[in-house]
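This structure is in structure tokens; I'll ask about it shortly.
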């Protein structure tokens, strides 16, 4: 397929690379042009405008937040105006359910397709083509996109025909991960202050009931206090919890644990944690317990 | 070995059965005598007093709470007075760190050994000899008990020489499980109200980042609203969170998520959930969001 | 002075009436024209557009939320375009600090004055000219407005020269009131379930340490479960707590009690409390404790 | 009346002094004898045992916590054994509802009267005889004690015939005060970081809706960061919130704001706040927002 990719951060670069490897004809655009170089070296065509990246069958956006997606979507020469009728916008960014809904309507009015297809997986998974794709949109459109999802991911979960449902799944998934971080943070503060070896404790957890990637990955970061460099930065954590709380508010669903996470991320940023991995909220439980070694950089 | 087992609930019965199968000479005691019948049928000797169950090399207690363990431990004809010098008390009940500490000292003064050996696993795991044993105590004593642990569990984790450390690990483990229940409860309330299929959502979670027994077990109970009969009853959930909070208070470790769980269990009990599984706290998030189908029995 | 008043709800009507009584020449505008009748009867000139209400020395806006103020402010024939150079926009609505900041800049660019002057007091206080006015803006502009503040309020508090500071004071004030409601709700649930007479308990509180209007007013509503008709409706409560949380997020100030209030208001709305007074969140503590008489209408 | 007073801390000393001034015949006991000197100088008879202080018509206990009251109450030569039949134990300490219930039964079995009569007011109010007395017990017993209450307090509130009700009122009152501290702490952190003058903000609050002693007293301590010397020390704050949570648990009343306060006090103690006034929890909101000047001593 002829496919555009807009947004070549760590995630977008991995995705574009795998699309190229799978034989698709890939055109890319990134605001900072140098970020396109690695994929251009692999065979992508670099462009200097959003519109040029919208000349194929579909265009994938993988951007930082609502504002960025809104900008490339609704701008004068943006996706809505540049994408041909029948073209598909695949929105893989972690954005709000509300923006996803606006895009759904706008693309429908322009005779274009729209699929929300956020992904689970950190940059290494994107590079390896091992993402999990969570897709929602009309059946026919999803079917058209399947070869692309196969190229970037190890499995696709089709959530339904309403695109924003995929966004809510993604946001609630990030909420669940952050919940694991908070729970581990509190448990580690407790066992740590009790003089128990934290690494041994983590081994026990992950070889019994908590034998899951998320416990191993984040548990290790917490035990080693290795919050830098950030795999997923704290401000993005706050952003995603805010988006989950916002979707929850629209649906009138109180989520007290999400509120607690909101407060934790805010405290982390207020205390100089801007550049840390989002798992650094786990250090706040230790710090509140008077553990001075838990003071943030 | 000659071994006593005090407390023949679902867990104690499974443990005693596996000790018998492994060739140990087992004497049992239970306040309600009929509960001893199944293991007597397997070859255990039933007795009518705590003291008689203390005549061997070691005695395992597997009781409901601090009060029960305190009663059999410190009573006039209790374990402390009946166990021979050099005998070992293996305390497998989920009790407070504070009581474990008292028992440690008392047994030391009586020239007896004391090992805290709480277990992870529901009744089916106890029946199958597949428990995870978390043990702490002096190295020599733990070594003496190892054949018993091998009989009841699939793996033993030795946490250190201070018995109460094992209790804190157990309590913090139950806190982590309850945290998963709360997080899933909130996430399910959100995706449910968004019209997303909850079972499909759970499949997605458990086949990606949350591929762990605890998510599968509790996620299924929550999706099916199958809170009865209770595998682990709500009042025990409250008890264990209270014990975790109590250990945390002694060590001055604030645990806001544990506090949230405390409030959830209390709300569940206040609203008639006494007989439900502890996973029923997940229904409170749905009920708070106005989901009438989430009303408790 | 020649003064416009935009927004004639219960609050705006009371304020306009007192401006007329104080001898000011008042022009009014309200989207629904009939709401202007009472003040027209008192001598105000009714108009059919925002622009016409902007022809005097100053214009007061007293509207429901950010969206309404944004609409009348930035519309093509809105306040910014209609107000003469040197005219003053007095913004008394409870709006976000962010919108107040945008208006500050916009009016400055148009050579107009801008004062944030939110008020404390329920409709009866507005009718009686007994509001408390919280004002912020340049000294000269505040001085010009003082006769107007004297007409509508019993006292003016000048908070500084940055308008949004007044909005933050107003929002934090509403947060403090909601905190009182929540605290009283929990305390009343406790003493009520203990069989203590709630009215006598309230008398004790308000004749000792809590001898303040806010405890008497809300305590009485809670004891009498008199949540309807709403003096200040629940959705406005949620709106204001959200604005406080939003200002707090911009300044990176975690406010866990505000988060709890957010969740309470959301639960109230999810359970059919749209039309109730915001003090109805107090009933949630009773309902969580299993008090069926606390079920909402 | 002939009256004993056990416990001569700041509060008990003030109370005993006013009983003497009112013409009662006062016998006192305190574990550390030197604390009795001031009241002996005023005319009290100092004794060297609990029993000697129980030889009159009634005995007042004003002690630090449950353990202290339990010790003097149930000891071999304690109040229960020493007080004559028909004598009255007036328990003014802030103790648990559970202990108050035990004392009620025990005194009844011994043919003695028992009144729970906790007080509101800081040491200065005790010295001035201006306490508020919250009393519960049988009508006749309360009537007998009224002259004593008149001597120590400015007003007596009779809560009912079940003594523990008075304890619950006292505990819920302290919960309400701590809620004010937390709410003010969060609001002050917000307005402070917004550059608003905190003292002026407090003046605004206390001259409008929050015109109550509790806001003036604690607001001033918070604005001035004057947390030392402690009028009411942080560990006592934690103790009282724990007692409130414990009474709430017995009655199955979830109190999320009380749980938040519990976590705050724990964090305060974990970070070196043992000797500070309980209002120092207000500094935690500022510290969480990155305000380094809020760091505790």
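Read from first to last, the chains carry the letters A, B, C and D; within each, the first residue is number 1.
The rule is simple: a residue touches a chain if its C-beta (ideal position, glycine included) is under 8 Å from a C-beta of that chain, and two chains touch if they have at least 3 such contacts.
Note that this is a predicted model, so its numbers are computed, not measured.
**Student:** Tell me which of A-D and C-D has more C-beta pairs in contact.
**Tutor:** Answer by contact count: C-D.
**Student:** Please indicate which chain is farthest from chain A, where distance is taken between mean Cα coordinates of the chains.
**Tutor:** Result for max centroid distance from chain A is chain D.
**Student:** Roughly how far is chain A from chain D, centre to centre by C-alpha average, rounded to an integer in Å?
**Tutor:** A distance of 52 Å separates the two centres.
**Student:** Taking the mean of the C-alpha atoms as each chain's centre, how many Å separate chain A from chain C?
**Tutor:** 39
**Student:** Report the inter-centroid distance (CA atoms only) between chain C and chain D in whole Å.
**Tutor:** Centre-to-centre distance between chain C and chain D: 37 Å.
**Student:** Pull out every residue in chain C that's touching 2 or more other chains.
**Tutor:** 248, 252-256, 260, 263, 267, 270, 288-290
**Student:** Which of the residues in chain A come into contact with chain D in the complex?
**Tutor:** Residues of chain A touching chain D: 256, 263, 267, 270-272, 288-290.
**Student:** Mind listing the chain C positions that touch chain A in their complex?
**Tutor:** Checking each residue of chain C against chain A gives 242, 248-249, 252-256, 259-260, 262-264, 266-267, 269-270.
**Student:** Over in the complex, which chain C residues touch chain D? Could you list them?
**Tutor:** That would be residues 97, 120, 132, 134, 155, 157, 159-160, 162, 164-165, 168-169, 172-173, 175-177, 179-180, 182-184, 186-187, 189-191, 193-197, 200-201, 203-205, 207-215, 244, 247-248, 251-258, 260, 285, 288-290 of chain C.
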